[in-house]
Each structure stands twice: as C-alpha cells, then as structure tokens.
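In this document, chain identifiers A, B and C correspond to the written order of the chains, with residue numbering beginning at 1 in each.
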Amino acid sequence: MNDRTTAPPVLDVRDITVRFAGLTALDTVSFTVVPGSVHAIIGPNGAGKSTCFNVLSGLYRPASGTVRLGDTELTRLAPHRIAALGVARTFQNIVTTEGTVADNLMLGRHILSRAGFTASALRLPSAVREQREHLARAREIAELVGLGPHFDSPVALLSYGDRKRVEFARALCLEPSVLLLDEPVAGMNAAERARTAETIRAVRAELGLSVVLVEHDMGLVMRLADEVTVLDFGRVIAHGTPDEVRRDPEVLRAYLGTEATGEDAA
Amino acid sequence: MSELLRRYRAWTVLLVVLLCALPFYLDAFWLRIGLFSMAAAVGAVGLGLLSGTAGQLSLGHAFFLAVGAYGYVWLAGEPGPGLPPAVAVVLAVLLAGAAGGLFSPVAGRVRGIYLGVATLALVFLGHHVLLTADSITGGFNGRSVPPLELGGFTFTASDPELTLLGVPFGAEERLWYLSLALFALTWFTARGLRRGRPGRALVALRDSETAAAVMGVHVARYRSAAFVVSSMYAGLAGVMLALAFRRVVPDYFSLALSVDYLAMIVIGGLGSVAGATAGAVFVTALPLLMTRYADQLPLVAAPGTTDGAVGPTEAARYLYGAAIVLILLFAPDGLHGLVRRTRARIHRRRSAPKDADPATETHPPASAVRAKEPTP
Amino acid sequence: MTTFLDNVLNGLALGSVYALVALGFVIIFKASGVINFAHGSLLLLGGYLTAVLHEDLGFAGALAVAVLATAAVAGLMDRFLLQVGGQDAHSAHVQTIVTIGVDIVILTDLSRRIGGDLLTLGDPWGDSVSGLGPITVADSRLAAIVVSTVVIAGVFALFRYTNWGLALRASAEDMEAAALMGVRLVRMRTLAWCLAGALAALAAVFLAAFPAPGLERTTGQIALKAFPAAILGGMASPPGALAGSLLIGLTEALVAGYQSELHVLGEGFGDVAPYAVMVLVLLVRPNGLFGAKGAARV
C-alpha cells in the first residue's frame, strides 16, 4: 500500500495541546519531521515525550492543534486508522503478546493482510498463501534486526534486549513510512545499545522511512538524529541539529546540565 | 520437525479410526455420553475463542445454545416453517450468530470481566422469552425435536433400517457419526481461526488493547466478531444437543449451563482447542458416569434418594467447582498445560543427553481475560 | 394513584435491599478489583444460617450469627483462595473466575441442603401490614427501607471516618502508592470482603421476608440483580451503586405493578426487567450511567 520508491510524507505537528484534569501535558508543541530523517525528541522525565507519541499514534486526542501526515489530518483518527496510514510505534515498557516471535511479527502484518474470519476458519487457499507470504517477509525483518535465530521461540523466554527488538521488528512489519520509537535502548547494556543504533541506521537506509525517536541516551541521539526537538514541561524549548541543541544554553540548563554530561561523552 | 509432524499425523489418524469404530463396540449409554460430550466440546471451543483467545468473559453462552436449539426446532418443526432439517441446522447456526451480532454494540465495547456481568442479562432475558413465547418455544414444557434428515437418510432408529457388521444402527449410532463430523469441522475451523490472522489479532487484543490498536486492529470490530463467532459455535452445539436430547426445555438453558461451559474451558486450559475439548468431555461425562456408578462410589448416594444425601450430580458439581479453584490457583493453563508439561518431561528424559526444546517446557500460561497493561 | 404510590414504595424497599448487595459488590471491587460472582451464594448462606438457627437462638441471635459467619466465610475465601493469587490487575481477573468456582461449590451444597423447601427466617414482621395514609404496606418492606438506610449510612461513615475507609479509597486510586504509604493491603482487602459478606447476609433476610414466600435455593439468584445495579453505577462508585439499585428496584416494582398493561412483555417480566435496563443502558453508555473512566478506552 505504501510505494517504497517514493519518499515518505512529511509529518507535521502544529500547536498540539494536551490537558489532563487541569494539568497541561503538552503546550502548543510544534515540529516537522523531514521525510527520511531521524528526528529525536528529548527532554527530562515528565517533559511530555510519551504523551506526544500517544497523540501521534491516536491514543490521546489533543485539546487543540493538528497532526498532518502528508495531506491527512491524524488527530481525529482512531489508532488502527493511523496504523493503516503507515505510522508504526514501539512502547517504552515492552508490550508484546503471547506466542512466538513469529506470532508477534505477524501481528505487525495485520493491516497489510486481509484474511478475515471466514477465510481463516475454512483455511481457504487465499488465506493460506497470504499467511505464507507474510511469514516469509516477517522472517526477513527478523533477520534484519537480528532476531532470526529466535523466530519460532516464545517471546516470554527471550532476554530483555531481544524483547525490545521484537517490538522494533513488529513495528517494522507494518512497512511504515513513519516509525515512532519510544526509548528503544532503555535498559540495554552498551553492546546492545550499539547494536540497536546500528539497526536503526540500517533500516532507515534500507527502507527509507522517517524515524521519530524518544530517547534518554544522549550519545545515541547525537549519533543518530538529524534534528532534535527539546521538550521541557510540555513546551518546546529548543530545536535544531544535535550540535545546535547541544550548545543551546536553555537546553543545558533544563536538561543536559543536570544529568547527561557523563553520558554525552559516550 | 517433520519426524514430529509425521508422528502427530499418525496419532491423529489412529484417534479418528478409534472414534469411528466405537459405535460397533459401545452400547447406547456410552454413545450418548459421547454425543453430549461432542456437542459440549463444540460449544466449549466457541467459548474458548471468546474467553481464552480474546479475553472476553461470557456468562451468556447458554442463551446462544438455546437460540441454536430452539432455532432448529422451530425452523424444522410444526408450528414453524417446517423447513428441511438440514437447512434448519444451517439457519439455526446463522440465527445464533445474528443474535450475537445484535448484542455486539455491548460485546464490542464492554471489556473482559465486565462483559461477564453484562452477558448475565442474556441468560435471564432469554429464559424469560423461552417461557413466555410459547407459540414458538412450547413454554415451560418445551418442544420435541424433529429428527434430522439428510437426503432421505433419517437420524433415528429406523427409516431406513440399518445394520452394519451385525450392529443395528439406531439413533445413537447415526448421530455419533454426525456429531463426529460436526466436531471435526469445529476443530478444523477453530484452529484455523486461532492460528490465522483473526486469532493473532484477538490474542493481541487480550494481552494489550493499546498494542493491538496501534498495530492496526479495529478493536471494537474484532471484539464483536469474536462474540458472533463464539455464538455461532454455541448455536451449532445447541442443535447437536437438541438432536441428542430429542426434547428442548427452557430450564436446561439456565445460568448453571453457562457456568458449566466456563468450567469446561477453565479446566481444559484457556485458549486451546484441545483443552476446551478435554474440559468439555470431563464436565459432561463426569455427572453421567457418577450417576451410572453411584452405588459403587463412596460418599455418593444413588440418584433419587433425597433428604440431604450427596447425589451423583451434586458430587460432580462439587468436584468441578473445586477443580476450577484448584486449577486456577495451581495450574493456570489447565489440563492442556498439564499434558504439555508432562510430555515435555517424558521427552526430556528420553533424549536426556540432548537439550530438550525449552519452548515445550515452560510455555507461558494462556490465561483468561488479562489485565490491561498500564497506559503507555 | 394509590397503586402508583404502592408500586413506588415497593420499588424503594426492593431497591434498598439491592443496595445492600450492590454496595458489598462495589466494596469488593474497589478493594480487590475482583467481580465477586459468588455474592449470590454468600447471600444464600446468610439466609440459610438465619433460617436453621432462628428456632434455637431467636431471630436476632440467628441473624447475628449468620451475619458474622457469612462475613467470616467471605473473608476466609478472599484471604486463602483469592489473595494467594496476588494483588495486581491480571490476578484480579483470574480471581474473578475463581469466585465462579467457589460459587459452584457453595451453591451446590446449599441447594442440596435446602432442596425444594421453603425456609422461614422467623423474622418479627411476619405478614403484618401498616396503613400509611391511603396505602397499605407490609411491615417487612418498611423495615427493609429503615434498616438499609441506617446500615448504608453506617457504611458510608466507615468510608469517610475510619482508617480502613481511607485505605480503601487510597488503594482504589493507586494500589502501589497506597502500599508505599503503609496501607496494609491484605488486611484492608479482607476486611472489605467481610463487610460485603455481612451486608449480603443481612439482605437475605429481606429478600426472604413477606411478601416473598420464604428462603428458596433460588434466592441467591435474586441477588444477582444487584449486578446490573452496580454496573449502572459504574462498578467502583458506592453512590452510583445506590442510585443504580433504586433505579433497578423501582423498574422492577413498576413493571410488576403494571403487569396487565405490559402483558406483551410476558408474564413475570418484572423479574428480568433489571437486566433489560442494564442492556439498554450499556447500549448507550458502555461505562454505566455514572461511568467510571477508562472502562472502555481506545
């Protein structure tokens, strides 16, 4: 459904405001994700990064503001419709479902396949063929992120790092044009972090998609991101290339100065 | 892998041959246990799809069994349109599905254990309708069930008279093969659903509604669809029960029946077709066997002796009520998981030097109605 | 007009008894996240104990013993069959199904003991009636309204003024935070179950009293009508459960009272009217009338 030869559409976030019971979680947040780029959203805990992702994937409805993907307005759409437009995401806390890695990745193929209840129940040839084709593609994606050997293992038996990778691969299985990664390396050791960074770089190059990244690991952000938006208390306080942001005094005060000077060296 | 598959196939073929041979060796009592068990298995597999796979608790299963049973009786009978019985079977199943569809605005939006409470309404309202709409249902005394007829072959004791290998083929023998075929169909379709795209979407919905939604699963539609499919299996089970009982009465389709079906899938292990079947056989056969052998069982009085003694039916209910509690406390994946773990252990012992596949050993339990994960 | 007042008063009496049951149900849900499908059996147990003990102990003594015993059974059930499963939301769902297993066992046993009998509870109201202006009411109904009101007020006072009430409200908001603040979850939960059991046993007396013919093995099923009441109230809200109970009671009484005008719905529709109301409400508002948030999000 998404023609891979063309660049992904622009993701344009304009003046998004989200309130919870009087508390303003996001306050007129705007940024634009350039097609094919890696766009990082950083900020201290509670800055509104995950809220922002929940708006982008349709789980929260903003009080005001718009999110456009190309010409399509996303803020009025249900999550499954947004997924169908090619926006895929991972979760900060791992959310896999019961079954094997293959089962989880095949869930990622849900919107790209169409076998319904009748076809699956009767195992019509079309459904069987479709399942086989998508399974082959899911296996390719598993290989791509380094899950090949675990393809038929139950997710519950995998290591933490591998389960994070399952989420990542599952999101890739949607063949998205925009990939939202919520703290993809949180809780990983140095080797796993480096490997995941490599994978993100590889899939971006290979699949030509836009990546929006929420991450605390400043080293990773600085290495991967083309552009960085910094949130603090629900507001955008800085925006620019990693180098520009790194030198921004406001950012240093709100964020880097307090916590990540050490990690920055990594 | 292919070696394993071949062995699996061999066992399946053996089992089918055995099941087909049984009517030549068993008397009507045992065959009737089989008929009720197979009917219950069909219904339990349906409930398993809803409660085990999709995580939606339902206490309304008895209602859909009733729709199937009464649907068939009315459609094929007099009063009623008097359709050919085979057509009536199909229409009764569709009718049960339609009834499930009518409830789907609730079933699609009410989640997990809350749906359990909402579906209580179906049982009580349904029972009321069965009692009062007596021009269709026959009221309190119910209706007799018109026999099934397929292309001139009637599923009764005669018409045509039939004796195979010296065994007279009465209603039980004939219905046995019909039930076996319908059960095989259920097994085939339910496994297809479970392992196909809808099954994965339903499991995702159960384990994490948010993850399912952002993966593109239309949450409300899939929930409703699971409910409709489960109603259709219940409808089919209702028809099979009606044919085996030869009479349908409203009081059979009570809340206790819904609870029985829930017991079947919990005891068997939620979310697996084989488990639901095992649970169905257990819950169905236990009271019948205990009734038959009451005089040989300690602590159980013969049926009919009232005044406070524990009758066989009650003893069976104590047993499986306790079984639900114990299984959920100690073996949440039910009989199915127990068998799987035992098999893994035997397998490991046999191939001791080699590493057993860890997957078969500690499979995560499939449990009903999971909690929603915290909001991301 | 008199019939109307008659029916309304009946409805209020019925509603106040349902409120006792529904309140217990909601307390359990708030404390443990469990929907107690064994609630009807607990109620039947309370009624049965009152019935078998009243000749020896007198009505008040029998009722006291029944209330305490039912509270104990509920508490023990929670402590030793449910809480061993854990405190998180997933276990709460499993525990809900465990209550169904417990229900089967208790109900089977009580049904066997009661058989086809109608048990009298020896309550002091008997079949006496009082004139109240233009209408005549059974004393048992007045007693139901008065006793329920007093007891429910007491329960609300417990919510508000005791440490237990505070712990209950805090843990319903955020279980982990409450535990960190020193709330003893295990004890709080068990006490909640005890209270709910006591309320159910008390309700049994009024459900079996005149004009009902007595305690039957199906009396527990009558208590299931408190489920719709709790659902209408949004499951976790005690005031919601009260409002739901009154709505259910009034509906049932009015439908039964105007039976002849509503004959198209079939004889005895009053008995199932609460369920019809529940389905209608859920069709429009899946979260109940006073909807708890989040019950059907996404």
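Note that a contact is a pair of C-beta atoms (placed from the backbone, for glycine too) under 8 Å apart; a residue touches a chain by one contact, two chains touch by 3 or more.
Remember, it's a predicted structure, so these values are computed and weren't measured experimentally.
> Among the chains, which one keeps its Cα centre farthest from the Cα centre of subunit C?
If we average the C-alpha coordinates per chain, A ends up farthest from subunit C.
> Report the most central chain, judged by the distance from each chain's C-alpha mean to the global C-alpha mean.
Minimum centroid-to-centroid distance belongs to B.
> Could you put a whole-Å number on the gap between the CA centroids of subunit A and subunit C?
48
> Any idea how many Å lie between the Cα centroids of subunit B and subunit C?
Taking the mean C-alpha position of each chain, the two centres sit 32 Å apart.
> For subunit A and subunit B, let me know how many angstrom lie between their CA-based centres, rounded off.
Chain centroid spacing, subunit A to subunit B, equals 42 Å.
> For subunit C, write out the residues touching at least two other chains, lowest number first.
Residues 298 of subunit C each touch two or more of the other chains.
> Enumerate the residues of subunit B that touch no fewer than two other chains.
210, 213, 219
> Mind pulling the residue numbers of subunit A that touch at least two other chains?
As it turns out, subunit A has residues touching two or more other chains at 59, 78-79.
> Inside the complex, what are the residues of subunit A that reach subunit B?
Touch list, subunit A to subunit B: 50, 53-54, 57-59, 78-80, 82-84, 88-89, 91-93, 95-100, 103, 106-108, 110-111, 113-117, 119-123, 127, 130-131, 152-154, 156-157, 170, 174, 182.
> Write out the stretch or stretches of subunit B touching subunit A in their complex.
The contact residues of subunit B facing subunit A are 188-190, 192-193, 196-201, 203-204, 206-208, 210-219, 225, 229, 358-359, 362-364, 366, 373-376.
> Under the stated contact criterion, what part of subunit C meets subunit B in this complex?
For subunit C paired with subunit B, touching residues are 35, 37, 81, 84-85, 88-90, 92-98, 100-105, 108-109, 111-113, 115, 221, 224, 227-228, 230-231, 235, 265-269, 271-272, 275-276, 278-279, 282-283, 286, 295-298.
> Which stretch or stretches of subunit B touch subunit C in the complex?
57, 59, 103, 105-106, 109-114, 116-118, 120-121, 124-125, 127-129, 131-133, 209-210, 213, 219, 255, 259, 262-263, 266, 306-308, 310-311, 314, 317-318, 320-325, 328-329, 332, 367-372
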